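Accompanying notes for the structure given below.
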Amino acid sequence: MTFPKNAWYVAATADEVADKPLGRMVCGERIVFYRSDAAHVAALQDFCPHRGAPLSLGRVCAGKLVCGYHGLEMGCDGKTVAMPGQRVGGFPPIRAYPAVERYGFVWVWPGDATLANADDIPVQPWHKHPDWAYGGGLFHIRCDYRLMVDNLMDLTHETYVHAGTIGQKEIDETPCKTSVNGDEVVTSRFMHGIEAPPFWKMALRGHGLADDVPVDRWQICRFTPPSHVMIEVGVAHAGHGGVEAPPEHKVYSIVVDFITPETETSIHYFWGMARKFQPQDGALTDAIRAGQHKIFSEDLEMLERQQLNLLTWPERPLLKLNIDAGGVQARKVIDRWLAQEQSACSPT
Amino acid sequence: MTFPKNAWYVAATADEVADKPLGRMVCGERIVFYRSDAAHVAALQDFCPHRGAPLSLGRVCAGKLVCGYHGLEMGCDGKTVAMPGQRVGGFPPIRAYPAVERYGFVWVWPGDATLANADDIPVQPWHKHPDWAYGGGLFHIRCDYRLMVDNLMDLTHETYVHAGTIGQKEIDETPCKTSVNGDEVVTSRFMHGIEAPPFWKMALRGHGLADDVPVDRWQICRFTPPSHVMIEVGVAHAGHGGVEAPPEHKVYSIVVDFITPETETSIHYFWGMARKFQPQDGALTDAIRAGQHKIFSEDLEMLERQQLNLLTWPERPLLKLNIDAGGVQARKVIDRWLAQEQSACSPT
Amino acid sequence: MTFPKNAWYVAATADEVADKPLGRMVCGERIVFYRSDAAHVAALQDFCPHRGAPLSLGRVCAGKLVCGYHGLEMGCDGKTVAMPGQRVGGFPPIRAYPAVERYGFVWVWPGDATLANADDIPVQPWHKHPDWAYGGGLFHIRCDYRLMVDNLMDLTHETYVHAGTIGQKEIDETPCKTSVNGDEVVTSRFMHGIEAPPFWKMALRGHGLADDVPVDRWQICRFTPPSHVMIEVGVAHAGHGGVEAPPEHKVYSIVVDFITPETETSIHYFWGMARKFQPQDGALTDAIRAGQHKIFSEDLEMLERQQLNLLTWPERPLLKLNIDAGGVQARKVIDRWLAQEQSACSPT
């Protein structure tokens, strides 16, 4: 196994689990998600105990998941509630997974349910906060989830993959610094007195700030296990303190990345941007979402082809340069989690 | 092997084997079908003994199958007849399969040819009978053929999968009865004094009968090995004896299902309906065929996803409820055939 | 391994390797091709030593291949030249393959580089010769490269596969003669006093010759290892010496076939025609290319389905008739090369 299972993963956006059940594989588990009541989302093995039909093809009636094949009614604990003309007491249960709707996402814990604590779900302070706006999307990518973590923890790739939008030569030329605080890995880069790239010029103008003066730019990538990466990004007019500048001199946002393994070589990638400027401007949210969609699309082919290469040459070692430190340290944290999970499963 | 090979299977509809040869895999065998003369259909291994080209890419000339690659002429016994510029006496033969055109279908026996007896092909009394009309079609479905047998031997699924057309709550609520007579398995359900569902209202009107009075409805599913399921279905105005009512009070038909394994996890599904009302009404035949096509399409995703689930969780046992008795008993018959076939192959 | 690796293969047409790098698998090797300067094409393992990204997704800057992920600059010897902010001296090299642009193609040697000698690339006398014109194309086909060699060394298939264009009954009826001269295999067929088929009637008219008189027609197929097949084809007005007739009585051309294994069961097939009539007529070149594209397309399904059959019945022997002698002898030459390559790799 290459991913921890005792962890909270984003399984879906909240609006994906509406009237109908949603089937989705997370960490190799086929799971059906549905709303058992207004306040709760349930997550079950996507397997009807009757004849193995996928429950995700069924429907939700009064909070019960009804199998679309022969009408078995399943409860959110994985125990059959009823079935026309049958006594269901002896029906074998199916697995129920801890699941929580929070911060606009449905979170699932694919591992040992007794260890799940919803308090461990990482707080998303921007969610429904009047000072923030959020827009995002979902990509399916055929690569190991750790390649996506590497991608986000080394933004020098922006200079090459995203040359026309957010890339600029200074990213490449400015060294980054990586630090590890327990399970958190932080890679940061600060650029001073540079020209803002197109995306940030647009943001400056939108915030009523001049876009033709030198700026300080920052990128602070924060990895937390199993595979969440939050990136603080922004620019401030030069000479006002950079990331510490007062609000009237800067524009900034958080790139939100939840990377959920589907299998060992494929992911559901939930990406978005929470911004702290013009939060009421819905058109701006749409424009940023569209721009981010385009930018992140540029990574897809690279990641899938890189994955193919790694499968073709499994024996070739990869380099671990200073720019790779973020990904390298993140993998060390992941490995520690995996070892811990492994030892917890072993006989004492 | 999960399917008997010493059995007659429907390989094609008669019109599929016309001027050109037809290549189709049946029970894991790649077979080419063609008309060796007006009265006969031949079935051969789809492999030219010259260089292995598929004979199904060739053409038929005066009853001989001519390879489309280099012109080898093949006889219907699997022996090469001629080839330009060659003596063909020593050419290795290819396998010939017993094949018969009957009742509008091409039947093939993929197993031991010495055991094939065309008299064992199940009689289809509706074929070309003036009192009957027939319409049908063909689906390719990626599932074990026994999942389709299960589907047809437990019609409670109609209430859920076909809720808008032939399903109704009473099917679910009325117990079925299953009996076994030698190799035949019969599951029947009789509903009394109910409202006719949309399909049967249409049929009643077409037959000049009121559609707004209570009816008796019946479903009698008959499985015979290897995988044929004929279902007698109909409604009669209540109070006239149900299935035994005289013709002027009822409408009825036979749902014809020939399920032919392609591989262990895929099938050619020949479906149709033979009806004993308005047999001359070609437009009605077309309308019923279109309706049945739509209804049976609703089963496809369910069956394919169920198959995927069973491959994902091979160790999970399935339930065998009373409603499953038809499928369960059918599998017992199949298993008996398989065991018999196995022991016939074993050294004594 | 079914193909020699110590050999020159056509990897691409010259115009496929222009401003951008080209990724292509040859003999199981993932290779990136690019122009390192105006006069040279380089071929490297398609794997960035940094993190395994495919270099073919990068770009070419001043003759260096720049990785599209993080900007590593690769030299044409497989050694990293530079990378922003890095010392690259210790970076592991990637494999460089001998590659040469010649005769309008990019040639690559996927085996032991120390054995490569560009003088062994087969001379294409028609290339840029004022008396000749050339047009061609590229197909990807899922078959063993030897099936394509067989196809081209036995033109009796034209009678069946290409009945409407270049096939005619006389090909089938006229015996061919096969000879072996060292590594070269030649299969030739001479037809006398026949009617020209449509393609050659068009050529006769284009050359100002009558198309309604008997002609002599010839087909001389020359195989050289690893998998090149050049076919001299033409017609002359009967009674002037056939293939030896003086130029004013004949039209002729060379069918050019370079068959490059991608994997053991797929090929890049570079086909074309070099003709020695109306060389200045560009519209004729286009018409011939379009015609050849259509004709060679007719082989695709046959070859792919034949491959499928051979994988289905690996134990079935194929016949080796007189018409197959060209392909059979070509395989003997290939086997000799393979054995030689094998023994060179073995310890002494």
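As written, the chain order gives the labels A, B and C, with residue 1 at the start of each chain.
Note that a contact is a pair of C-beta atoms (placed from the backbone, for glycine too) under 8 Å apart; a residue touches a chain by one contact, two chains touch by 3 or more.
To keep track of the chains, here are their UniProt names: A, B, C = Rieske 2Fe-2S domain-containing protein.
The structure presented is a predicted model; accordingly, all values stated were derived computationally and were not measured.
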Topology of the chain contact graph, where touching chains are joined (line, ring, star, complete, other): complete
Same or different contact residues where subunit B meets its copy subunit A, judged by the half mark: different
Relative orientation of copies subunit A and subunit C, as a Cα rotation angle in degrees, nearest 5: 120
Separation of mean Cα positions, subunit B and subunit A [Å, integer]: 48
Multi-chain contact residues (two or more partners), subunit C: none
In the complex with subunit A, residue positions of subunit C that touch it: 30, 46-47, 49-54, 57-58, 66-71, 83-86, 91-92
Contact footprint of subunit C on subunit A as seen in their complex: 150, 154, 156-157, 159-161, 172-173, 175, 301-302, 305-306, 308-310, 312-313, 316-319, 321-324
